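Handing you a structure now.
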Amino acid sequence: MDKPHFRHLFSPELREPVFVEGLPGFGNVGKIAARLLLDFVQAKLFAELYSPSLPDYVLVDKNGICRAPRYEFYASSTGKTHFIILTGDAQPSLDDIVAHYGLCGRILDFAQDHGCKFLVTMGGVPMPRPEGKVYVAATSSKLAVEIMEKGAVIYGGGKIMGATGLLLGLAKSRGWQGACLLGATTGLKADREAAFSVFKFLTKMLGTDVEKRSQGKA
Amino acid sequence: MDKPHFRHLFSPELREPVFVEGLPGFGNVGKIAARLLLDFVQAKLFAELYSPSLPDYVLVDKNGICRAPRYEFYASSTGKTHFIILTGDAQPSLDDIVAHYGLCGRILDFAQDHGCKFLVTMGGVPMPRPEGKVYVAATSSKLAVEIMEKGAVIYGGGKIMGATGLLLGLAKSRGWQGACLLGATTGLKADREAAFSVFKFLTKMLGTDVEKRSQGKA
Amino acid sequence: MDKPHFRHLFSPELREPVFVEGLPGFGNVGKIAARLLLDFVQAKLFAELYSPSLPDYVLVDKNGICRAPRYEFYASSTGKTHFIILTGDAQPSLDDIVAHYGLCGRILDFAQDHGCKFLVTMGGVPMPRPEGKVYVAATSSKLAVEIMEKGAVIYGGGKIMGATGLLLGLAKSRGWQGACLLGATTGLKADREAAFSVFKFLTKMLGTDVEKRSQGKA
Amino acid sequence: MDKPHFRHLFSPELREPVFVEGLPGFGNVGKIAARLLLDFVQAKLFAELYSPSLPDYVLVDKNGICRAPRYEFYASSTGKTHFIILTGDAQPSLDDIVAHYGLCGRILDFAQDHGCKFLVTMGGVPMPRPEGKVYVAATSSKLAVEIMEKGAVIYGGGKIMGATGLLLGLAKSRGWQGACLLGATTGLKADREAAFSVFKFLTKMLGTDVEKRSQGKA
C-alpha cells in the first residue's frame, strides 16, 4: 500500500450533511465525543480509510482477531440534520507532517463529494481546572460569536494541533464554514466527562443554528 | 536505487504455498524461527529484495565480503505443504512508516503472484515469565479458535508492531487468511528457546490444519 | 493538499524588486525586521503560500478565527526601490530537509517570475554580547566588502541555518546576487532591538548601493 | 530544488578511471584522505552535485562568501591510473535513508557514465588503539585477500555505515568490483594520521594491483 485508499461499504443518501470529526488525541475527548454522537444519531459505518501514514502495527481485539488501523466514516440520515462522522484508531505520527496534510486533504475531498460544506472538529484542550467548559474557534467571526452566545468560550490566540486543527484550516481555505469545539480537560486520562460536555454542546448547537442554516438554504 | 527491487535467482514450482515471515525483532524470535523452518523444510533462496528503506549501511561477513542489507525469499516444495519463507537482515526504521507500508505491500504482491493466500507471521512478545508459551492472533475468529485448540494462547486486546503485524493486517484486507504466532520472551537477548517454541508450534499447526485446508480445496 | 500552492490576491506592478526574507527563527530577528520593513515601505499582501511541510496545526487569533499556517508575500512599489517581502508563521520542521529545499525552490521561482535578481535574507545569530552588531555573508566577495564598508561585520567561516541560509545559497546557484544580514542576539527571547538594528542597516544599505545598482542597469 | 542535480564544469578524458570516495564521517578520515589523494594526483574539480537531502544551511567561508553544501567530483588523468574522486561538505541526515540510497544511486550512475567499474571507498573505524592500521572489506573474497596481502587487516563481521558502506554495497549489486579502506581512529577529533595511513595504503594498493588490472584488460 503506497497511498491512502477507501473501502466503501454502502452509499448513504445524505442531504447537505454536517461533517463531524473526533479522532484520538488529548484526553481522547474528540474520539469519545464522536462515539457518543454516533450512538445518538444511529449512524452507520459506510466507509473505511486505510493509509500508509497510519501506524505500522496491527490491532488485535479481545478475541484475537486482527485488523489494520483505519479511519471510519459513519453516516446518519435519520434526523433533520444529516451527518458524516469521522473517527478512527490513531492519527499519523507527529513527525509526518506532509502525510498529515495529504490525508486531511483526501478526507475533505471525500466529505465534499458527499455534499459537506460545514464541519465541526472536536478535541481536548489542557486546562488546570476544566469545569466542564467548551472552547470554540471558527472559520469566521460571525460563526464564533454565534457559538459563543450558546455558551462556549472563545479559544483565542492559540494553536489547535493535529487533524482537529488541520481539517478546520484546510476546510476554510476550500470555502467551507465550520468550528472546532475543544473540551477543557486535565488530560491525565481518557476524559469521558469532557467528551460528554463537547457532545452535549454540539447537539445543542446543531439543534438550532445548523437546522436553521439548512432550512435557509433549502 | 529509488525503489525496492527484486533479484530473482530461480523460479520455484509451488502449489498454494503458505507464506511464512520471520524478520529481526523482539528477542529475534521471528528470524530464528524462520531459520529453523528453512532448515527443516530444506527451503532454497530464490529471490532477494533490496530496498531504499532498509538501513543505509553495508554488511561485512567474517571474510571481509560486503553486501547490501536485503530481504530473502526461500521456497520449499519437498513436503505436502509448500512454503515461501521470508527472512532478512533488518526492518525499515520505525520512523519510516510510509516506507514500511509500501514494502509490505510489495512483499504481499510478490507472494500473491506465487499463489499464496495463507500466511503465518512470527515474532516475539515481551513477558516477565515466558514459560515457553506461544500467543496467536488471526484474521478470523474461527481460525484463532482452531489454533488456540492446538495449544496457543489468544493474544487479546493488543498491538503487533512492525512487519509481523503489518503483513497480517494488509493480507487480511486483501482477503487472505492467516495468523501471527508470538513467542513469549523476556527479550533480553536473542531468545533461541522462544524461537524453537514458535517453530515447533508452527510445524504442529501446519501439519494438520493447513494440510487439511489444502486438501479441502483441491 | 499534497503540494505547496499559492493563493494570489492581486498582481503588483514591480520594477526589478529586491526580494527580502524574514521568517521566524533565532530571537525572531528576521520576522520582526521584515515586519518593520513592511510598515516602513507600506507593502501590501499580494500572495500567500500554503504548504504540506508547514506545521500541521491551525492558528487561532484572539477573536477565535482560525487559519492554516502560511508564508506571506508583500509588495511595495511606492519608493525608488521596489520590494517583495516574504514573512510567515513558521518554517518547515528541521527534520524535513527535502521539503525545505523544495519550498525554497518554489519561493525563488515565484520571486524570479516577478523580476527579482537580488535578495536579502535576515535572521539572528547567537552572540554572548550582541552590542547591536549586524553580520553579513554574501554571494560574492565584492558585495560582502561593499556591505562591510557600510558598517556590517563579515560573518566568516560558519553556517547559516534554515530558509535564511538556504534561500541565499540556492539563489546564488541560480545566478542571483544577494546577502544575508544577521542581527547579533542572545536569543533568549524575541529580540526587537536586534531586529531593529538589522532593519536600520538594511534601509541604509539599500538606500545607497541597491539604488545605484538599479540605476546602473536602467 | 526537488531533485539532486549536477553542475558540470568540464568534461574530462578518462580511461577506465578508479572511483574513490572520501566524505565527512568518523574522525573525518575519508574526507582528509580524499583531499590528500586530490593533491597527490593533481585532480581537478569537474562536476558538483547539489541535493535536497544535503543539509538545509548555507556554508560561509572566511571572507563571508556563501554557497550551498555540495558533493564535488575531481578528475585526474595525469598518471597511469585515472581517477574520479568524490568528496564533499556533508552527508544526508542519518534519518533520511531513502534519500541516501537515491543519492548513492545517482553518484554510481554518474561514475559509470564516465567508465568506472572499480571503486575504493574510504572512512574511519573506531578502535581503542588505532596503531595506524587500515582495515579492508571488499566485493569479493579474492580481492579482500589480495588487499590483505598488501598489509591491510580484514574487517570481518561488522557493518559499514553511510555512503562509504552504501556505495560499495550498491556498486557490488551493479557488478562492479571494489573495496572499502577504513583507517583505525579513536575518532575523538579530525584524525589526519589515520587519514594519511589510508591514503598511503591506497596509493600502494593502486600502484600495483589496479595498474595490472587495467593492463590485463587493455
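The first chain written gets the first letter, and so on, giving A, B, C and D; residue counts start at 1 in each chain.
Heads up, the rule we're going with is that a residue touches a chain if its C-beta (ideal position, glycine included) is under 8 Å from a C-beta of that chain, and two chains touch if they have at least 3 such contacts.
For clarity, every value in this text was computed on a predicted model and none was experimentally measured.
In summary, no chain was found to touch both subunit A and subunit B.
Touch-path distance (fewest steps) from subunit B to subunit D is 1. Put simply, the chain farthest from subunit B by mean CA position is C. Interface of subunit A with subunit C: the two copies contact each other largely through different residue positions, with under half of all numbers used appearing on both sides.
Taking each chain's centre as the mean of its C-alpha atoms, subunit B lies 53 Å from subunit C. The distance from the centre of subunit C to the centre of subunit D, with each centre set as the mean of the Cα atoms, comes to 37 Å.
Among all residues of subunit A, those that touch two or more other chains are 95. Arrangement of the chains shown, judged by which pairs touch: one closed cycle in which each chain has exactly two touching partners.
Every pair of chains meeting the contact definition is listed here: A-B, A-C, B-D, C-D. Considering their complex, residues 1-2, 7, 50, 52-69, 92-93, 95-96, 99 of subunit C touch subunit A. Partner subunit C is touched in their complex by these residues of subunit A: 95, 97-98, 100-102, 104-105, 136-141, 144, 148, 154-162, 165-166, 168-170, 172-173, 180.
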